[in-house]
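The letters A, B, C and D name the chains in turn, as written, and every chain counts its residues from 1.
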Amino acid sequence: MADGTPTVAVVGAAGYAGAIAAALLYRHPGFELRHVTARADAGQRLDDVHPRARVPLALEVFDIDAHGDVDAAVVCYPHGAAAPTVAALRERGVRVVDLSADFRLRDRAIYEDWYQPHGAPELFGGGIYGLPELHRDDVRGADLVANPGCYPTATLLALAPLARAGLIGDVIVDAKSGVSGAGREPTAATHFISADENLTPYKVGSHRHTPEIEQELAGLGAPVTVTFTPHLVPLAQGELVSCYVTPARDVDADELADLYDDAYAREPWVELRLGPPGVLDVRETNYCRLSVHFDPRAGRVMVFAAIDNLWKGAASQAVQNLDLMYGLDERAGLQ
Amino acid sequence: MADGTPTVAVVGAAGYAGAIAAALLYRHPGFELRHVTARADAGQRLDDVHPRARVPLALEVFDIDAHGDVDAAVVCYPHGAAAPTVAALRERGVRVVDLSADFRLRDRAIYEDWYQPHGAPELFGGGIYGLPELHRDDVRGADLVANPGCYPTATLLALAPLARAGLIGDVIVDAKSGVSGAGREPTAATHFISADENLTPYKVGSHRHTPEIEQELAGLGAPVTVTFTPHLVPLAQGELVSCYVTPARDVDADELADLYDDAYAREPWVELRLGPPGVLDVRETNYCRLSVHFDPRAGRVMVFAAIDNLWKGAASQAVQNLDLMYGLDERAGLQ
Amino acid sequence: MADGTPTVAVVGAAGYAGAIAAALLYRHPGFELRHVTARADAGQRLDDVHPRARVPLALEVFDIDAHGDVDAAVVCYPHGAAAPTVAALRERGVRVVDLSADFRLRDRAIYEDWYQPHGAPELFGGGIYGLPELHRDDVRGADLVANPGCYPTATLLALAPLARAGLIGDVIVDAKSGVSGAGREPTAATHFISADENLTPYKVGSHRHTPEIEQELAGLGAPVTVTFTPHLVPLAQGELVSCYVTPARDVDADELADLYDDAYAREPWVELRLGPPGVLDVRETNYCRLSVHFDPRAGRVMVFAAIDNLWKGAASQAVQNLDLMYGLDERAGLQ
Amino acid sequence: MADGTPTVAVVGAAGYAGAIAAALLYRHPGFELRHVTARADAGQRLDDVHPRARVPLALEVFDIDAHGDVDAAVVCYPHGAAAPTVAALRERGVRVVDLSADFRLRDRAIYEDWYQPHGAPELFGGGIYGLPELHRDDVRGADLVANPGCYPTATLLALAPLARAGLIGDVIVDAKSGVSGAGREPTAATHFISADENLTPYKVGSHRHTPEIEQELAGLGAPVTVTFTPHLVPLAQGELVSCYVTPARDVDADELADLYDDAYAREPWVELRLGPPGVLDVRETNYCRLSVHFDPRAGRVMVFAAIDNLWKGAASQAVQNLDLMYGLDERAGLQ
């Protein structure tokens, strides 16, 4: 960091999100990508494992002594595995954006109820929830940012203006995601023949993003129990949440339009539109594109939000957080 | 009909549903397919226009004098265009299954509010709503059957047990359909480049299947205003409805399981499953596959139902109705 | 077999081809499906593992004592594993259609060069190559039929008329297959994210169907070295071979049309067309659809043939062979 | 152009290639995108018609007086319509990259045989064939660059080293393209239901890219008649050419590797690989990725080349040409 450019490592760069984070940081004008690590794929070059990333660096097995020399790290490990690695990096003073759920929740009982015993309890609750549109100022000063889950990202951007306005009486979130959300591991569910031309709900009533959504909605003033159902859709990258809100009081289309315009007109990564978004509109971008609708027949508010689950739902949002942490424009490296 | 085999015509056989109806009836042991008609494609053989149907008959322009000699007809015209053709066929004594919306609604003001002035007002309300699982006995004696819309088919099968039990306090239907639901006309929306890798809500708050669903739910004892939102999904054939019901009273998983088991255990074309259905499970079949779930956290009932929008949602359900109208086993010609 | 209906087993019914073979035989008017076997999925019902097959039988681990009581078996094991199982079945007098390559080749050195040491050398060469359009009479009397590979099926149907007429001077086969050809095992290559929106050659210069194609072409009078390159295409089921033939002597479009018409006009499962076939035209059918073209500029003959790799390329062709072996119409159970 | 930054217009920016050209030039550090024109979509903003392009400019009907004030233009009109527009721009001194075929061929009889009477005969033959890897120096000084067709781009990059070495005895090109190659017009062929899960050859023996390939191969020393067959593949963007060359003399794998390494090791937009390329590897990039193979059994050379048909096959190659024309690094604006 002789020249002042912060150095970064992507830990777990062989997964889908990790590879994109590495690709973005490799070309980022404000960071120097120094290390990319992986387990099973160590020894290969990242651009052989993920040709599209075009990062000509060798993947190495993570070693805190070898890779802890950076200023910042993006950790792309599964839930549970992330916590001890994050703890080791923090101990060296490395600033971390963690893509797992390990530092997103603030109630350890809820974490352990939905996940497992926590792997770094001393750090539990020490992360800033890295949804910049909600917590921008906190992210700026943070040393440990918990990057939100993909579904919570889209859902919270869809619902935040309603939550803040006290308008959420009840909410149902019907979510749809492309297959990359299931990760790079080949399984029966990710086999082309299972997913192609198919469409199915999964983890009905039990998806782990539910408590994360509820925690953040409560923080915005809407302590509701969320009905959240994800569906698997036959496309690679993209996620749409369809939110059905029974308003807590009378509301009309004009008030809704004003609420959303006030919230998002100046946000660089939120595109507010009159018509419903398509996931293709935001593919391979950091944008969240959304629309709000009022159905006077049923007296219901509907909000639709589309993101790329691997970008705004993971890797590019991590870079947006890094930008904020280092005082850069949060569009840097993401255009 | 010398040998007693009823003769049939498929009017509008060049569309997706019409071609499948023709294919099913061409091979049906209980019917003789005598005519297939079309406008733009007249003069071609059906198996040139739709190779998969493998029906080696010439498409002719519909002419009541030439084609009104059959015992029964399946009419596959758009809304509005169907009514006068159905009227002409009925005048000749031809029994009709109509795939349009023209004879589904019983309140003409509602029809004309959501559609247009009706094209055969003397027949309005004279059709039996042809969802066999709900109206089997009426279909048996009917001369004019209004084949349900694809979304109402799946939604009503999903909700009927709850509606009959007085359990529907409030209901949201988030529906997803493959691209064939948009019809054979090439448009910007059906272009491969628009639909592929995309996913988007459409006709938010305004889809014409809404009053049809509400009419039938009311008939089952659940006079609710339905929030219904369809989404376009990148697959050819298949439809899933995700129904979120706030129950009108306390209920539990056991009661729900009993309700659905009672309703569907003996239905030949409904597959009740514990886990959520995938649309691929029912592709190119007359099955509706569904599951019912109770979320004790939110106190909400969720029902998921999958059909093939062109089969159970249109063509094969028309054949099921014809089977009933002619006293045949309603599995005939559909296995 | 008290009533004379032959009983059959599908050995290896949990794979894609095996499940389809079981589905076809379960509904076949001329056979009684008695057993379905599997290894990893034993204990489950076939219709839970493969809902679309709708075969409500339990999968059992294969046991020659328990399952060798049938008249015939369709063996759907990988190359190498098939041979000893086929031998055990033959020893009990069971007539076998084997879907592996173990009994397709007649030169054991070639087999062992492209595959491995043979697992039942005493039976090597004892199978009839079960492409009914070429070897119908031999199949009729056979006790062991080697079902052709998917690529050889399409390629040989495309080239047989030219081969018999001595017209093949040189031939290049550029083949394209949907992902189901890679089998049900989840791998990096069959992951949705690898295959979706992708297209790539594979096994360049080394695909094991090459010697099988060459053997059969030689048998038809065309002892050529074939350049054969398969490509993976982002669709589930379907296969197209594009054959480029430098003719051994002058030829013109009329002679070609006559040759193909003579060969295929009376074949129930070959559809000869003027325009090039699409794989969707034959999806989930036993048809091979093909067209022959002459390019006068380059003096070259082009033949395109489309099949469903799991049907005519595997399971339904196995049933066509069984039909012939038992003296049935070779359309039985396949319409 | 006060500050020396050349101004550009994209004429025909509402098509797929035009929108990408506009998106690249809007963000290009070396050009200022001043106008985007369209016919049917005039009056709309480009980012409403093509959200992914994110170009917030209004589409206007092309008018030489209004839009001829730029330094350079990329013309994205169909064959025939392009020529007079290009002529009008050239008359004003505007430097042009033309994406149509109107200025690619050098023999007017061949052009008029495969296309139609030429619309600007005084300019015929006045364009530089803009495949930078073959004609870089000529492009640098050109005022009119004929951007190559997508298939010729991939095919010529695949074959150029062999052509220059006198190695092409005979060549067959089996090409596969995603659906965007058929353009934005909704047609029966581009309907999702026609293309999805399908795969078919088209324009067998008659595709207009054939003479373009032959002209350029002849220019490289290989005056061969090419057998060229394109296929439509169910994906949005991507193109693969599989080239089968019967060598004019003995050759081996080492010589081939050296030939290709010499040709491409220093090319910024060609990725030479040992294993065959996938089209996904180059999606939304200006790269051509290729591999060369020798099959000693058949004595044949196989070359596989993948590009994105809308990028290196059209829009990004146009920008690469513009970069060269203005003395910029040919990677500018394309990373």
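FYI, contacts are C-beta pairs under 8 Å (C-beta built on N, C-alpha and C of every residue); 3 or more make two chains touch, one makes a residue touch a chain.
Just so it is clear, the structure is predicted and the values come from calculations on it, not from any experiment.
Trainee: Which chains does subunit A share as contact partners with subunit C?
Mentor: Chains touching both subunit A and subunit C: B, D.
Trainee: Look at the interfaces B-D and B-C and say which one is made up of more C-beta pairs in contact.
Mentor: B-D
Trainee: I'd like the Å distance between the centres of subunit C and subunit D, where a centre is the mean of that chain's Cα atoms.
Mentor: The answer is 39 Å.
Trainee: Could you give the separation in Å between the centres of subunit B and subunit D, each centre being the mean of its C-alpha atoms?
Mentor: Averaging C-alpha atoms per chain gives centres 46 Å apart.
Trainee: Using mean CA coordinates as chain centres, what's the subunit B-subunit C distance in Å?
Mentor: Centres of subunit B and subunit C (C-alpha means) sit 37 Å apart.
Trainee: For subunit C, write out the residues touching at least two other chains, lowest number first.
Mentor: 196-197, 234-236, 278, 280, 283
Trainee: Residues of subunit D touching subunit C in their complex?
Mentor: Contact set of subunit D toward subunit C: 170, 172, 174, 176, 178, 196-202, 204-205, 225-227, 229, 231, 233-238, 240, 242, 244, 246, 276-280, 283, 293, 295, 297-298, 300, 302, 304, 306.
Trainee: Tell me, which parts of subunit C touch subunit B in their complex?
Mentor: 27, 51-52, 197, 278, 280-281, 283-284, 289, 335
Trainee: For the complex, give me every residue of subunit A touching subunit C.
Mentor: Listed in rising order, the residues of subunit A that touch subunit C are 16, 179-180, 184, 186-188, 190-197, 234-236.
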